[in-house]
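Across the two complexes that follow, subunit A remains constant while its partner is subunit B and subsequently subunit C.
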Partner chain A sequence: MTSTAAQQFTGRAARAARATRRGRRPGRRRERAWAYLMVAPMTIGLGVFYLWPIAQTFYYSFTSSGPFGGHTWTGTDNYKALADDPTVGQAVVNTLVYTGIQLVGVPLAILLAALLNQQNLRGRSVYRVIFFLPAVTMPVAMAMLWRWMYDGNYGLVNYLLSTVGIQGPHWASDPAYAPYALAAIGIWMSLGYNMVIFLAGLQGIPAEYYEAARMDGAGPVRTFLRITVPLLTPSIFFVTVLTLINSLQMFDLAYMMMSTPNAPAGNGNPALPKVRSIPYLFFQKSFVEHDIGFGAAVAFVLVGFIVLMTFIQFRLQKKWVHYA
Partner chain B sequence: MVALLRRRLGAIALHTLLIAGGVVMLFPFLWMMLTAFKGQQQMIQDPLGWLPDPWRPENFPDALGMMPFGRAYWNSFYIATVVVVATLLSASMAAYAFARIEFPFSKTLFMVFLLTQMVPSQVTLVPLYVMLSKFGWIDTHWALIVPAIANPFAVFMMRQFIRSVPVELEEAARLDGANRWTIFTRIVLPNVRPGLAALGIIVFLGSWNSFLYPLIFLNSEDNYTVPLLLSQFKGQHGGLNYGLVLAASAVSVIPMLIAFLIGQRRIINSMAASGLGGR
Partner chain C sequence: MHIRRSKGRTGQHGRRWAALTAATALALGATACSSDSKSSADGAKEVDLTYRIWDATQQPAMQHIIDAFQATHPSIKVNIQVTANKEYWTKLQADATSGSAPDVFWMNGPNAQLYESNGILLPLSDKLAANGASLSNYPQSLVDLYKYKGTQYGVPKDFDTVGLWYNKKLFDAAGVKYPDETWTWQTVRDAARKLTDASKKQYGILAPLANQENFYDTIFQAGGSVISADGTSSGYEQPATIEGLKFWADLIKDGSSPDVKAMTDTFPSQFFESGKVAMYYGGSWNSLEFSQSTAKKDIDVTVLPQGAKRAVVIHGLANVAYAKTKHPNEAAAFIAYLGSKEAAEITAKEAGVIPAFNNTQQAWVDSAPDFHLKAFLDELPYTVPFPASKNTSAWMSQEIPTFTSAWDGKADLTAAAKTMAGLMNAALSKEK
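Right after this comes the complex of A and B.
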């Protein structure tokens, strides 16, 4: 056995040596073949189901579609129309408001994680489960539940408000309140996930730092601001980028909160103009009004925002993120 | 003595705060369960009564009987399972090549993977619809399975896990003449099992909760997934009978909640791992 293995090995070595003499590194080509084979399924999938559709949408955004599906090149007409369309501007504002409020949820998650990270805190895993629960439940079901709780006449929220003498609005259909009511659900659903990321980050901070801070007589607030927050910046960065990307793409919650039995796309809801996010507008334009070209342009506005925000984040990263 | 008292008070304040927060997080679920047992009569006459009076467990069979929930469950479950298996395999294959083999354009290709991750799904939706209808996949589950497997995030996450496996393990096998496929299946995969489990959970949840794709790609009720069926439930029987609506919601959510409670440690750690992968 050993001898045959050895023979095989020397044979291989000899062949490799011959290959090298001929100017080819041994096994290099075979290695590449394996690499290409292994990358192929995912690359083909991405090409067919991502890259090619993205390119097509980009093309559509410069066309107008006829009733029978043909596309006519119209140059930048869609983008011009979009710039003049107040619903687009409003959708951008709505999306930014929603995203801004979601970002406010980030410090909340940090605080929560810091509270839960204390040593010998009783029932830590129970708290962790409770706060995480909304993050694993189906957004559609949660939106339905919240719609009921937000009901103007029979909802729980207004009932609780009435016990302290406040007459609450119709949260899901009052244009002045619906955007914030929606954002509150968003925070409720993402708080637990963000908290878990921060908890993992906190557990990576060496205990010696806290030891040293205590030696120097630093109080809890000072320790939190001077040690915890700076060392947590990689996690903060990650959560912020993720929150930005996810909030800019928010659709399910708004769609479910706005739609009614008679108007599935939410057209009957007076709060829709104030709640409609860019993805929502895209959905309406493309799949309800079948204005493919305009919808494609809206989609690329969204891409622009995501790229811009991510770019800004990565640029600013150097200023405030400390990698240990 | 004073220090001890202060620490006690601190602990009490902390727990009060956390419990208050916990109540806010949990209360909607409790309210959902209570409402799910209420009858239409009570919803109109006394919508804010805390406890159902009378309790109407019939809401559950009634809600289930109105639409093919069993069917939707099966659809959601098998779609998510197929997506998970196929994604784990194709993503870890690609991730292994990116992590361990030098090949031309590997960096560029990986960059492209990373960038596609940033593109929102909406951008691909219309051409995807056209393409899938050419394939004859509209209103079939292929439309939810095959495109979902192309998941750049999964490649990225698996690459992080594979890079943490010591290369020495592979080198021994290579000296024995094992090829890349053998190394991948026999050495690398068994060593990244926790990573596979973590990614599997994330992908499963993503598929299970997904709403936009089923909404656009499916037409007939028999093919619906749970979220889509639930959204239509309100469409047909909405209005005041929230008891039934929330019974349906509860039915949609409870199995996942039970699964979560059983596997909570692993699931939460997977989510945390997804964050570390992003570093």
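Right after this comes the complex of A and C.
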């Protein structure tokens, strides 16, 4: 009873408040219309360019398509073929290896950020710019540059190695080296961006904590491990989630690195089977081999993967992330 | 989304909406106007055609042909679009699927039937005579390559054969006699070994995983086949076919050729131009690239050495039009001109490829007097057509991935050939 009374009361109050507001600004409905108008570009964009294609892709993953469009319903055939195709399993392994190596790059970025956060370091901003530059350069351009440097016959990397008497391998076409050569570029490219996030995180840690630690006689290593790292966990979490999603989606870097003039999509490169990521396989199946249905099924494997990984991360975050 | 308005406030607000609507309409109208038909100065409708090609080396020659065409057809404007070979077919298929392929473009043998059978190409049979073109001007085999169920879809542009390019300087230094028409597989193997000098990173020959330039030729020379005459089954399991493949793998095995990795990092024709390789099985189309190279004076060419018999793959390109082009008549007129004698002469002199128009080939031979280009024409009596089926790329794209390990000696070649035959037969069975 009392609750209904209370409801009535608040309801009346709210109406009254609304009435007065309406009295002052007689455009509430118009306001709502404008609000819809304002969110429209985003909502329509999201719907047209993301949600609708996702729905379509999901539908196509149950169809088989002709070479120039047109499709027939084949049920779960694509998913069955996917399970039987050894290139799919290899692509999953390749993607996981690449992602694993990228995650190793995260501690590296923390270390770098901590070093570049030192007040007494000379030319600090110059270093920051140097490390951040790869983040503002086109990945495709950088991949091309690295491709030249990695050339086994005339490349810069092997030339430098030869000056110290080492005969370098074919970094971009030897299946034993290419996955790691590629992952190294990936780390180099994301290092600067991650570093900036960590720098911001570091600067958000109050100086008093460090002062207190110093008074208690903690050394620099202990201070770093006991104060810096725990208070940086929100940034670490953010960077890890992003790194994971970006690594699982890696395509352009591999595509440019594997490229050869004689065959489409790096098909002529002997290292391709060990480098091909899930998105790469998706591209090959859908756009080079024009097996749209199979490609769509591969895309959904990737979606499932990312959702699962991100879910696990968010569950685990409660255990180790400290929001100060 | 709906916008509701209460009465009595139509004033300023309503006008704002009206203005917005008007502006939108105006913007839409403006885009509608900027379609590809403009009026030229003399009042005739000007038509824009897009011409897509994949070879940037030929672009200047193609532009020259277009200039000559536009001089006689002032109302047609042709724009060249170059798409690199490795992306050409991926892009074209996507464009054709979405209905936005270029008006006129290059077609090759392996892809012809796929595009013809799916109605992507404009039938030209009834359009050629009106534009002064006749199919009797080209070799019958090239005309037939672009004919599907009695309808002509392409007009032959050029053709190509493969020859043995060699570096005279390296032959002189090693004291080996230059290759000529007497050479056999064994002569090649022996010479390649003699011309190899690992300490100088110098190789006798290049054995890349290239079908037209390398293993198709040797497969046919060994008496094998790639696809059965009726186009329904693979020839990769035949012992003679495997023999043709083995020729190349053996050259890598004994060190006469760099391995596949090295030839991936540096493209074979560039490797040859670097002067570190003595022999290279290359196409007639390489003549322009090599005549512009710094190693030009060291390079020459002769016919392919023979195996069990003489054979060389012949292949020819054609110009085709898109079935859904907005300007089919103008596209046909342009294709007819591309197939004319004048265009063939420009092609011969400037594009570095053998024109398909009968009796214009001598101009191509004369275009690079430093090389014995006549060798490519001397091979014509024993040419074998480039293998093709209705959906060639479905199995041809499997060749490189399947053979890579075996080429480098890391897997058994016979087993790889069996795998390839299986993949190919599976792909062929889907064509019906």
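Here, the second predicted complex is superposed on the first by the 290 of 324 C-alpha atoms of A that agree within 3 Å, B and C clash if a C-alpha of one lies under 4 Å from a C-alpha of the other, contacts with A are read in each partner's own complex, and residues count from 1 in each chain.
The rule is simple: a contact is a pair of C-beta atoms (placed from the backbone, for glycine too) under 8 Å apart; a residue touches a chain by one contact, two chains touch by 3 or more.
Just so it is clear, the model here is predicted, and its values are computed rather than measured.
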{"item": "Which of subunit B and subunit C A:Leu231 touches, first, second, both or neither", "value": "neither"}
{"item": "First, second, both or neither for A:Met144, with subunit B first and subunit C second", "value": "first"}
{"item": "First, second, both or neither for A:Tyr36, with subunit B first and subunit C second", "value": "both"}
{"item": "First (subunit B), second (subunit C), both or neither touched by A:Val88", "value": "neither"}
{"item": "Touched partner set for A:Asn267, first subunit B, second subunit C, both or neither", "value": "second"}
{"item": "Partner chain in contact with A:Val275 - subunit B first, subunit C second, else both or neither", "value": "neither"}
{"item": "Which partner, subunit B or subunit C, touches more subunit A residues", "value": "B"}
{"item": "Partner chain(s) touched by A:Tyr154 [first = subunit B, second = subunit C, both, neither]", "value": "both"}
{"item": "Touching partner for A:Ser173 - first (subunit B), second (subunit C), both, neither", "value": "second"}
{"item": "Touching partner for A:Phe287 - first (subunit B), second (subunit C), both, neither", "value": "both"}
{"item": "Doubly contacted residues of subunit A, that is, touched by subunit B and again by subunit C", "value": "30, 36, 151, 153-154, 259-261, 264, 287"}
{"item": "Subunit A-touching residues of subunit B, taken from the complex the two chains share", "value": "14-15, 17-18, 21-22, 24-26, 28-29, 31-32, 35, 43, 47-48, 90-91, 93-94, 96-98, 101-104, 106, 109, 112-113, 116, 118-128, 130-131, 146-147, 149-150, 152, 155, 176-177, 179-181, 184, 205, 208-209, 211-212, 216, 226-228, 230-231, 234-236, 238-239, 242, 245-246, 249, 252-253, 256-257, 260-261, 264-265, 267-268, 271-273, 275-276, 278-279"}
{"item": "Residue ranges of subunit C touching subunit A (in the complex, touch as defined)", "value": "1, 3-6, 9, 13, 84-87, 89-90, 93-94, 96-97, 114, 118, 120, 208-210, 258, 260-262, 264-267, 271, 391, 394, 397, 400-401, 404-405, 408"}
{"item": "Of all residues in subunit A, those that touch subunit B in their complex", "value": "5, 8-9, 12, 30-32, 34-36, 38-39, 41-43, 45-46, 48-54, 56-57, 60, 112, 115-116, 118, 121-123, 125, 127-142, 144-146, 148-149, 151, 153-154, 156, 159, 188, 191-193, 196-197, 199-201, 234-235, 238-239, 241-242, 245, 248-249, 251-252, 255-256, 259-261, 264, 279, 282-283, 286-287, 292, 295-296, 299-300, 302-303, 306-307, 310"}
{"item": "For the subunit A and subunit C complex, residues of the former touching the latter", "value": "29-30, 33, 36-37, 40, 66-69, 150-155, 170, 172-174, 259-265, 267-273, 287-290"}
